[in-house]
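Structures given as structure tokens follow.
Next, two complexes with subunit A in common: one pairs it with subunit B, the other with subunit C.
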Partner chain A sequence: MDSSGFLKVKNDIKNKLLQQGPLEHCESERKQVFNLLQRTIEDGESNSALLIGPRGSGKTTLVNDALEELCSDKNFASKAVLVHLHGLIHTDDRLALIAATKQMNLDNAVDGKVFGSFAENLAFLLACLRTGNKKTSKSVLFIIEDFDLFCSHHNQTLLYNLFDISQSAQAPICVLGITCRLDVIELLEKRVKSRFSHRQYFLYAGGENAEVDGLNLRMEKIRNLLTINNNKSNIVNNWNKSVSKLCSDKKFRTLNQRLMDIDLNERTLKNVLLTLVSKLKEKSLELKIEDFETELNEFEADEVIEQLHDLSVLELCLLISMKHHIQIYDNQPMNFEMVYTRFVKFANASSHIQNVQRPVVMKAFEHIKHMELIQNITGGSGRLQKEYQMFKLLVTSDQIMESVKGWQGLPTEVSQWAISSLI
Partner chain B sequence: MKMLEGLIERFPGRETQIEMLHNLLGDDAAADAIFVHGGPSVGKTSIVKAFLEEKKFKHAVANLIECYSTKILLETILNELTSHRIDPTDPQPVAKCDNLMDFLNNLSNFQLKRAVIVLDKAEQLRNMDFNLLPSFLRLRELSGIPSISVILISEIAFQKFNIKGNVVDPVKLPFPQYSKEEIIAILAMDFDGCSKLLQEHYDDALEVDVNFYLNYLNVFLSTFYRACRDLCELRYMARINFVKYCEPIHRKDCSAADSMALWRHIAPTLKSSLEVLYLRFSGQSGALGAQALELPFYAKYLLIAAYLASYNPAKDDKRLFMKHHGKKTKTMKDVKAKSKVSEQLSTQLGPKPFSFDRLLAIFYAILDDKVGFNNNLLVQVSSLVELQLLTSLSDNYNLDGQKYKCTVNFEFIQTISKMVGFNIRKYLSDFSHI
Partner chain C sequence: LRTPTRQTKRVKVLDSIIEEMKKAKITPAPKTPKAPKTPKVSKTPKVPKTPTNSSASFRKKLMEGTITPSMQIRNVPVLNAATPLNMARTKLHVSYVPKALPCREKEFDDIISFVEGKLLDGCGGCIYISGVPGTGKTATVTEVIKNLQSKADDCEIPEFDYVSINGMRLSEPRQSYVEILKQLDGQIVVWEQAQKMLDNRFTKKQGKKKQKPVVLLVDELDILCTKRQDVVYNLLDWPTKATAQLIVLTIANTMDLPERLLMGRVTSRLGLTRLTFQAYTHKQLQEIVTKRLTGTNAFNPDAIQLAARKVASVSGDARRALDICRRAAEIAEADNNAELVSMGHVNEALNSMITQPKVRAIKVSSRLEQLILQSVVAEVERTGVDETTFADVYTMFLSVAGIDGFRKVSITIALAAVARLGACRLLLTEQKSVDLNQKLILNVSSDDIYYALRKD
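Now for the complex of A and B:
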């Protein structure tokens, strides 16, 4: 086993995990989307549709897959223009229009022109593409990712205009929105909604029968993700063998069920696998179940408790004092003075905690605030001194108790105080 | 591997993190988004920076505190990625970007091969444009550049980033706080600097060795570790106290081997410097601050009067300040007031506003000698406001019925009262019944 071979295999697996996988179990949806796009291109029919599904269910992959097939037609460029818009990038309609102009290669035509309204501008763009009759004009495919973000644009001008054109058959366009929000139709204004064709395709993570045998599908997915096919060397064969052994292991299945009970998202699985594969050493090119379990435990661990372990004893004491406060006063807010008085009472009674100066305690308090373990609820805090601003605790008392339990080298007095507020 | 060993030596106690960073970013298939989190001064930024420099990756580090707006942030990233030097006479960025669209266009124009974008203090992203945080987490997908990675560095947990649910989970890389042994190991690296410091202070070179310094660190941490785990602060404190620790050796009072004598000598010093932790001044605490402030006699009384007005309810004024207020019958209410819990004391809830008339009335009530009401007195009130010991609550145009609040704390006012020989506890309704 030479090291370059090992590195190459590791890279291959990682690349496979990082890239979008191939399309799975949504053949019928893909066919429908493909037909819709094709009808716009070939027949000059105007359409609008929405593709809805949770994150990681393969919406973008599906569209890209369909587009790839359409683009492989060598006449595609002469028949249609593709415009990609993304809700995160094109945050207002002006930007979206600039991007659309650029992607339609109409920069020169628009240059220097002044338009009265948004609709006029868009109409001009489309008119530019139309030459002659319906048969010869170019059709435009608008692929709108994160469609829900476009709904928050002022007056939904872009959506209104696009749907209006698609409905009134001015020019052949197809508007395909991709979103993960199921309530997206409710976000549309009435006048926009009435122009939309209400054609919606739903995708489900793991296909339609995910409920029935989700675990089997998941195991199949892991096998597909980890197996390497392009290379038939010795290392790869060993690796593939170890993967199939892993996937048939019963304990591994239980662990995966545990992961799926928390999070169905494929991205989570990929992140876990990616960290595991990254950690692989040259000596043992094999995924171990124990490693997977450790990683899973880490994933399940509460970040806040980890954060609490990083505090100093003084800061933990302040948190315990806050915990007592909310237990005694039934979740009433507190200020620094109250926390400080309670802490000083404890510090005076105990022999181990040195009594520190008030400004030092204040600094510790501010550190807790900075870590967002407590939140200021005094509105317009500018006038009030910081000792008297009211706070609420964002950590539950269970979390505090949990971290006190797991804390190494904590003075016994503190852990006793955490259990009972009596000193 | 050789380079990793160098890094691990430079940063003790961070072996797992450095290896993980190498595993995730080291080879061609790099993770697209990494979230580095951990408390203050655990080496997050310096390790990430050192790693990227060692690897000679093209990278841009942007601190979100410095780059507080979208435009500045995006232009800074582009400048650093293209190693663009800003000419001071004509400060132009390499490309103008007002929004993310321009940024992505420019990014694809540069044809970067392998690039890493580091965003320090990433929690600030939540308060900026809504699209920045989700976009940076999916930058590889949005930009279409297959070898770009983003590292977010933050002090708070990722679950507090999930504002609107449209955030993709990055790979998380926790940096836990150093243990006591690791802190000693890191502080021991400071030995050279400390022995140089000794030479500056005591002209004849004091011969100290590393073991002596390690003994000192053990003594030092036994006092400080519970109150503070912030490495920067500990290092600063260790430095300034080391000189004092060596003082008896310099005076030839005891030998370097006599650790008990040294401990007896340093213990009070360490204790007093624990009191000024984080404060960065030597030997002056809050109560002394009140002494340092030299107020005129009447101004002191005015301040006391203001404190009393802020922390006493107006209905108690008659009882507290008048000589013949008649006999007060005990009511159920008073009995309850005596058993008040500390959380309801007005000294705990903060100052209440009071009117100027009430301030003057209390002032004359607590002052033994008679003083005429004149301009000089009025000026003192405004100078107290100027010194921010009082705050004025109404605007300056309203001459009648000005409202004030007293902003000093109880320790401060106690020191002031002691200076003029006034017993403030007697006149505070929180304490007067005791």
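Now for the complex of A and C:
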């Protein structure tokens, strides 16, 4: 097995995982969006619609896919103008307006620079759209991503105007909002809401049949993702065989069921698979179930517990005394003095930690604070001395116990103290 | 002791010198104090000048009117609708305004008699029109104006200028001066200047020729109300002046806006001539849709009635009824090219447009997310308080998951699931702190969760 062939196969799989695959679970929605955009372009009909679905459910992919098909028409450019707006980039109406003016290539935009104040730009854009009419002017497609952020703009001026144009006899426009919030319509002001045409398309991560046949669909998806078709060399054949063997394995199915129970999002699956593929060695070009299992365990691992393993014994002792405090006083806030007293009681009785100075303990305490394992609740006012500021523990007792258990070479006294709070 | 005298002497000498100098300076004509020279800003001196390359020249051109707003033209114009369903769809679009508005005859008469009377009397006045969105306020007023303009062309009533502004189309209330002046004279100036010019026009006596009366339509009046309310005050104060004949028609949504939001002096100027547009009843909605569809028989009358009744029971918004009918026509078109829009199609359209996605969203979310929602419900029921913290929910989750036979997950994974639920707003989460103490509030009713998760 030569190394260049191996690298090529590895790259092929990675690329396949990284690029957006074809849409499978939302054919009907895609058709509806496509028809909507096409009617705007061909018939000059004005429309507005919202595409709603949780993060990672393929909203942007769907729209891009539909647009790609529309753009493949060679007369597209002579019929329509595309305007992309994004709520995170165009954080107010002024920026959004400048971007729209640029993308529509209006007369007050020269070489990508837009002249005039916000008021002038707004007036000019509206005047432009008003001069247009249904029959002769080009359709404008507004694709607005993160639509919910546009709802927080001042007076919702831009949304009102866009929806208003879509409801009056002006240039034909289509406003397509993309958002992950289910209650986005409730964010609209009543007159904006009245002008919105209430077309909503919903996308869900698993698709329509997820309830009935989720696991089989998922296995099919994994098979498609990992199989390479374009290349028929020996390595590829072996790889494909190993993939189909893997997919038919019962344990692999159980593991995937667990992953789906946690998160239906396809992106999570792809992330797991991508790490696995990146770890492939030339010697054994084959995905093993054990590797997948370790990867999943790592994915499920508790980050806080791993963070606790980096602490010193002194810091762990402080955490244990905090744990005792919240157990005795039922989650009441505490300050350094309380924790210190509790700790000193233990330190005096123990043979291991006896002569630790107070400043050292303070330092350890500060370290815990910087790791954000505890949270200050007295507010940022610096009037209170450090020792008396109240704080809450952001680690549960279970997490502390877990980390005590997994700690290599921890003094027995400490682990015993952690279990009982007698001292 | 000598030093002070010497100093005073010196001072005296100095004083006298200054005096002399002053005299000498005063004798020639007193120089006007020179204004400090503003440094000439040559912003981009080295860029080759193209005609539109500077903001100033662009602005000048825009104000002169050399740059007129225009849209790009398509090569081939859109063809006319061919099939009856297609025609119905075009006629049902909200932008298609019919020649006469059905069911608004009384309001139409009220407004036209008001404006006509003011025009014939040669005095100014105000009227306040209110009503919920989509009840035909703006459409009726523009209809009135069109009617009056044709009457003015026949010389039945004096000629007038028509200006319309919309509060939502302005970046700030004061821009309304600019917009009014632009529509009156066609020139664009900054708002301070515009206000001065309008003030002159409306309050000062014009010398020779008499100005034409002006009808001003102010849409979305509530947006123009700032804290100082200077814009609204001016707009409503000008009609009271004898020199200008200004008739102001104001439109807003709330009936009690003058009392609730406006100051006493503004309310007083607004007067008591008011008109309220009631929401459409289902009969009226049905008539509106049927009137639009005359000439095409694409709709089953029962189907229209269904749509009208459903919309009238919610909002009485004509836009909504038209949109639903249009959607129904689309569905019918996709459905094997059916000739007639039936009740079934309208029902489908209603379901897709008046929809509650939350139950469906809960149904298709992952098992962990469903369990977390369940444990939030359980925690709310246990404590009786709506607000819970993540730590409590997680403890509850452990027991709920145990009953359900679900292997427990770590806090990291649970936090991620809560964040996902928060992003699509099934849960309301705190944006600032993502930790054990973050507060969670359920954004769906617990009945919805029970309904979505019940096992058949």
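To be clear about the criterion, the second predicted complex is superposed on the first by the 396 of 423 C-alpha atoms of A that agree within 3 Å, B and C clash if a C-alpha of one lies under 4 Å from a C-alpha of the other, contacts with A are read in each partner's own complex, and residues count from 1 in each chain.
By our rule, a residue touches a chain if its C-beta (ideal position, glycine included) is under 8 Å from a C-beta of that chain, and two chains touch if they have at least 3 such contacts.
Keep in mind it's a predicted model, so treat the numbers as computed, not measured.
Peer 1: Taking the superposition on A as described, I'd like to know which of subunit B and subunit C A:307 touches: first, second, both or neither.
Peer 2: In the superposed model, A:307 contacts subunit B only, not subunit C.
Peer 1: Once chain A of both complexes is superposed, is A:360 in touch with subunit B (first), subunit C (second), both, or neither?
Peer 2: first
Peer 1: Which partner, subunit B or subunit C, touches the larger number of subunit A residues?
Peer 2: Higher number of touched subunit A residues: C.
Peer 1: Look at A:107 in the shared chain and tell me whether it touches subunit B only, subunit C only, both, or neither; answer first, second, both or neither.
Peer 2: The answer is second: A:107 touches subunit C but not subunit B.
Peer 1: Is A:335 contacted by the first partner subunit B, the second partner subunit C, both or neither?
Peer 2: Touch partner of A:335: subunit B, not subunit C.
Peer 1: Contacts for A:161 in the overlay, against subunit B (first) and subunit C (second): which applies, first, second, both or neither?
Peer 2: second
Peer 1: Return first, second, both or neither, reflecting whether A:55 touches subunit B, subunit C, both chains, or no partner chain.
Peer 2: both
Peer 1: Quick check on the superposed pair: does A:274 touch subunit B, subunit C, both, or neither? Answer first, second, both or neither.
Peer 2: In the superposition, A:274 contacts subunit B only.
Peer 1: Touch test for A:78: subunit B only (first), subunit C only (second), both, or neither?
Peer 2: In the superposition, A:78 contacts subunit C only.
Peer 1: Classify the contacts of A:46 with the two partner chains as first (subunit B alone), second (subunit C alone), both, or neither.
Peer 2: Once the two structures are laid over each other on A, A:46 reaches subunit C alone.
Peer 1: From the superposed pair, tell me which subunit A residues show up as contacts to subunit B and also as contacts to subunit C.
Peer 2: Residues 55, 180, 265, 303-304, 372, which sit in both footprints.
Peer 1: Can you name the residues of subunit A that touch subunit B in the complex?
Peer 2: Answer in residue numbers: 7, 10-12, 14-15, 18, 55, 86-91, 95, 98-99, 146, 149, 180, 265, 267-268, 271, 274-275, 278-279, 303-304, 306-307, 309-314, 325, 329, 334-335, 337-338, 341, 353-354, 356-360, 363-364, 367, 370-372, 383-385, 387-388, 409, 411.
Peer 1: Of all residues in subunit A, which touch subunit C in the complex?
Peer 2: Residues of subunit A touching subunit C: 35, 42-46, 52, 54-55, 75, 78-79, 81, 93, 104-108, 110, 115-116, 118-120, 122-124, 126-132, 134-139, 155, 157, 160-161, 164, 167-171, 180-183, 190-191, 193-195, 197-200, 202, 204-206, 210-211, 258, 260-265, 300-305, 331, 372, 375, 392, 394-396, 399.
Peer 1: Which residues of subunit C touch subunit A in their complex?
Peer 2: Listed in rising order, the residues are 50, 52-53, 55, 58-59, 62, 67-78, 81, 86, 89-90, 93-97, 132-134, 168-172, 175, 178-179, 182, 188, 220, 223, 253, 315, 317, 319-320, 323, 327, 330, 334, 352-355, 357-358, 360-361, 363-368, 391, 394, 406-407, 409-413, 416-417, 420, 423-426, 433, 435-437, 443.
Peer 1: Over in the complex, which subunit B residues touch subunit A? Could you list them?
Peer 2: Residues 20, 23-24, 27-29, 31-32, 38-40, 42, 99-101, 104, 129, 131, 134-135, 138, 142, 155-160, 166, 168-171, 174, 176-177, 180, 223, 225-230, 271, 274-279, 285-286, 342-343, 347-351, 391, 393, 405, 407, 409, 411.
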